[in-house]
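By letter and in written order, the chains are A, B and C; residue numbering begins at 1 in each of them.
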Amino acid sequence: MIEQKIVEPEYLFFQADREEVFITGSEALKEAIKRANVDMAISYPITPQSESMHLVGDLYVEGYVREYFRGENEFAVMSAVAGASMGGVRVFTATGGPGTLRAFEIFPAWAGARVPVVCAFMTRGVNSPLSIQPDTIEMAFMLHTGIVMFHAETAQDLYDMLLKAFVIAEKPDVHIPVGVFADGFFVTHTREKVKIDPAEIKLPPYNPYSSPVPVMDMENVPVRHMRDPFVMKSNFISYAAHASWQQEILAAAERARKHIHKYLGGLVETENEEAEILIIASGTAVSQSREAIALACQEGLNAGLVKIKSIRPFPEEEIRKLTQKAKAVIVPEFNRVGWLCKEIKSVVEDNTKVVGGPRVFGGMTMPPHLILAEIRRCSQ
Amino acid sequence: MNKNLFKISPGFEDIMPAEYRELVHDGPYGKNLGVSDLGTFKELLEEHPLCAGCGLALSLRLILASLPNPEDTIIVGSTGCSSLAFPQVGVHNIHSLFGNQNAVASGLKRALKLRFPEKTKDVVAIAGDGATADIGLDMVMHSWFRRENIATIMLDNEAYANTGGQESGMSPQGTVLYMAPKGKKFPKISLPEIAREVGCAYVAVGSPAQPRPLEKMVRRTILVAREIGPTYLQVFCPCPTNYKFKPQETVAKIKQREKEGTFQTREYITLEAQKLLTKLEEGKK
Amino acid sequence: MNRKISIRMSGLGGQGVVTAAHILGVATTLEGLVSTVNPFFGAEKRLAPAESYVRISSSQIDERGEVLYPNIIMIFHPHVITLGKCYTMPFFDGLQPEGILIINSEQPLDLSKEDLTKLGQLNARLFYLPATQIATQVAETELSTNIAMLGGLVGVTRLVSVEAIRESLAERFGGRKFLASATTAALDDVLKSKFAQVTQLVDRNMEVVHKASEAVQEYFIKKKEAGSLCMLR
């Protein structure tokens, strides 16, 4: 293994001198994993994720990751990841689009088993006929799996969110999986400037005994759980056990909020949030919105921006407060179903002012002019 | 596992459950016990919620009593009748999802190798025929292709029993079960032969009708997996509930099938595994 | 530069549109400008349509994805136009007024009257460059076609300096391991094997850049009788 100095997460995130490099999102992921003290990574190819896990494979060769292999399909990979995590190591994987859905059964099981897995999701279309192009529709499916969800706008976000995801996922009061979502191609394959930490430092190792559930290593007491498992029972004790565990997983995500505030600076970021017209977006829809706002500004129109970084837990209070005075709320999205719009509508007091769109899907780039058109319309 | 880890702190003996006290004092950890010692120690599985006469429960009890290294064995189970018994088992065990036991075991074994390079940690996947030969077959076989150091044990009751008795790939041809209302159209999957072909170092078929040979097979399955590569043990454990025979006839059923020629105990051992086993088994004598 | 320049490069898989965009992007950042580069490929297949996009500005660039309204379009292969091997139809879709078109072809292509009329209305500037021919003659490999195209761009716009291109080339082929796609990585190794040393590779390619920057020729689109062209020099 390569020798790296272990530093406090706060030092790595906020204090270390960073170098600016011109790299793609996939390369930013590699740089993050290089400094994340990852024990094991398991891969499976799918466009547009594959490059990321190739690069993690390079880290294995270079001695930054201790164990690495290709599994047989995404469900198997995610299962192996669960096994590794239950065995007490820090483990990483990545997928996207159809891979996410192929593995889908595992995500609630990850959360229920409280494994602190970090997984990158490089989003893409899942429809038939086959598409490999960017689309965030898989996030709609992921909303209720119990995992924490961050949405990266840029390669810089991807780098920072991945490193912070390990720290947040492994907090004893959280200890549930964190998914870091990045829009396929728009982030993974776009080359831009990213500030990265020195390669000589890394996060502290995972301490498996900080887990709120026993590590499966026979180095702690092998309790017998119960004589009759709850699956056998249709009675109040069984209902209560399952219901309280579901609530506990939700509560773990709630407890992540304070850590998200500490490490990510909040669940949202705002610019000119006093404006009468607010654009609320996540992922690269934020980038397109920034461009649209600049164009609007040239026309003398005033629009503010709310970037949502954490989709789960969702910034309900933040959105409620921010939208109180707004005349219109525009929610541009890279998917057909408008899942973010639905989330926002569910918390805005007068949700008739929420504009569901513009939306593009099937892989196309969202022209900033479409958002501009909505700003113009709402300004009238 | 260090035995001190689960010792009861002085003064707390009386408030710990009797179950726990018994496991600490009379459990099998680190004692090198076997099937012939049954009745003299606290078993890893005693009370369970499975049906009367359940061949699977009997097999599981024998398998657990045969573990060469219970204090450092982690079992990965799967959904099915056996998953109802596992919460009662006194070694670490995982239930993840239906059919993914060998994938979970692959990640787990590699993780334990990283964390405990100097220690022996046996990872055993124990699941039913549906989980092993049907829904989880790709993951079972890929763990073999990858030469994972895990032992795979199938509890073959020839049906999906926990869901009410449906046909599985391991049901004999012609059997009428749910989802095969006109009788199963194709023969029992020959997984032991498949396992041999894809490179399992040790493959065996046994049953609880012969506890001592079964114990030997369990030990061989685990010891070869530890040292060489993937191994497979298929345990025939008929289901009185879904095959509709009397609970007390389970063992007789196995013997009857053996007589008919529709069940045969067998072992396939590679040269490398045979060498290892000869060394280990002679050393023991 | 105060405004943003958006470039669309259309070519066939294996021609190096992804690499050209990368080299250009790095070169512009070396000169202190802001740049983002992204490819847009379908399945990674040689000779299938391939596009990549470069945005260059003096200030922060937010917009991502496909360049919908390019200021410059670079066509790496005549088939992009003649066989429609292109994600964007017509090939100049979205071209901004006074936009620039650089096409790799030894002879002017037989563009339709309709296309020429539209290009004329846009006041577009049309350039032809025998990029593949120059690559084959100077670097002795077709794989340098993309570098020749960059040479053409330098000849037409002076967006970046020749020195920056050299530095970027050296970083791309001699420096740290970088990634565009698995297929591109494989082609890189092929290219490297064709030149004994990286410096030689860079020198040869710089020769390609110089030759191409001189060889690029502008064709004037006569507005009154759209459809006929005459060479400017």
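Here is the rule we use: a residue touches a chain if its C-beta (ideal position, glycine included) is under 8 Å from a C-beta of that chain, and two chains touch if they have at least 3 such contacts.
Just so we're on the same page, UniProt names per chain: A = Pyruvate ferredoxin oxidoreductase alpha subunit; B = Pyruvate ferredoxin oxidoreductase beta subunit; C = Pyruvate ferredoxin oxidoreductase gamma subunit.
Remember, it's a predicted structure, so these values are computed and weren't measured experimentally.
Touching chain A and chain C at once is no chain at all. Chain centres defined as mean CA positions place A nearest to the mean of all protein CA atoms. Farthest chain from chain C, judged by C-alpha centroids: B. Centroids built from CA atoms put chain C at 35 Å from chain A. Per-chain Cα centroids separate chain B from chain C by 63 Å.
Averaging C-alpha coordinates per chain places the centre of chain A 38 Å away from that of chain B.
Among all residues of chain C, none touch two or more other chains. Among all residues of chain B, none touch two or more other chains.
Residues of chain A found to touch two or more other chains are absent.
By the touch criterion stated above, chain A contacts chain B in their complex at residues 39-40, 42, 66-67, 69, 71-73, 75-77, 79-89, 91, 105-106, 109, 113, 208, 214, 216-229, 231-232.
Here chain B touches chain A in the complex through residues 1-2, 5-6, 19-20, 23, 47-49, 71-74, 76, 83-84, 86-94, 96-97, 100, 103-116, 121, 138-139, 142, 146, going by the rule given at the top.
Note for the complex: chain C touches chain A at residues 22, 25-26, 29, 34-40, 42-43, 61-66, 68, 177-182. Remark: chain A residues 22-24, 26-27, 47, 50-51, 54-55, 58, 132, 134, 185-187, 189-193, 284, 287-288, 290-291, 294, 364-368 touch chain C in the complex.
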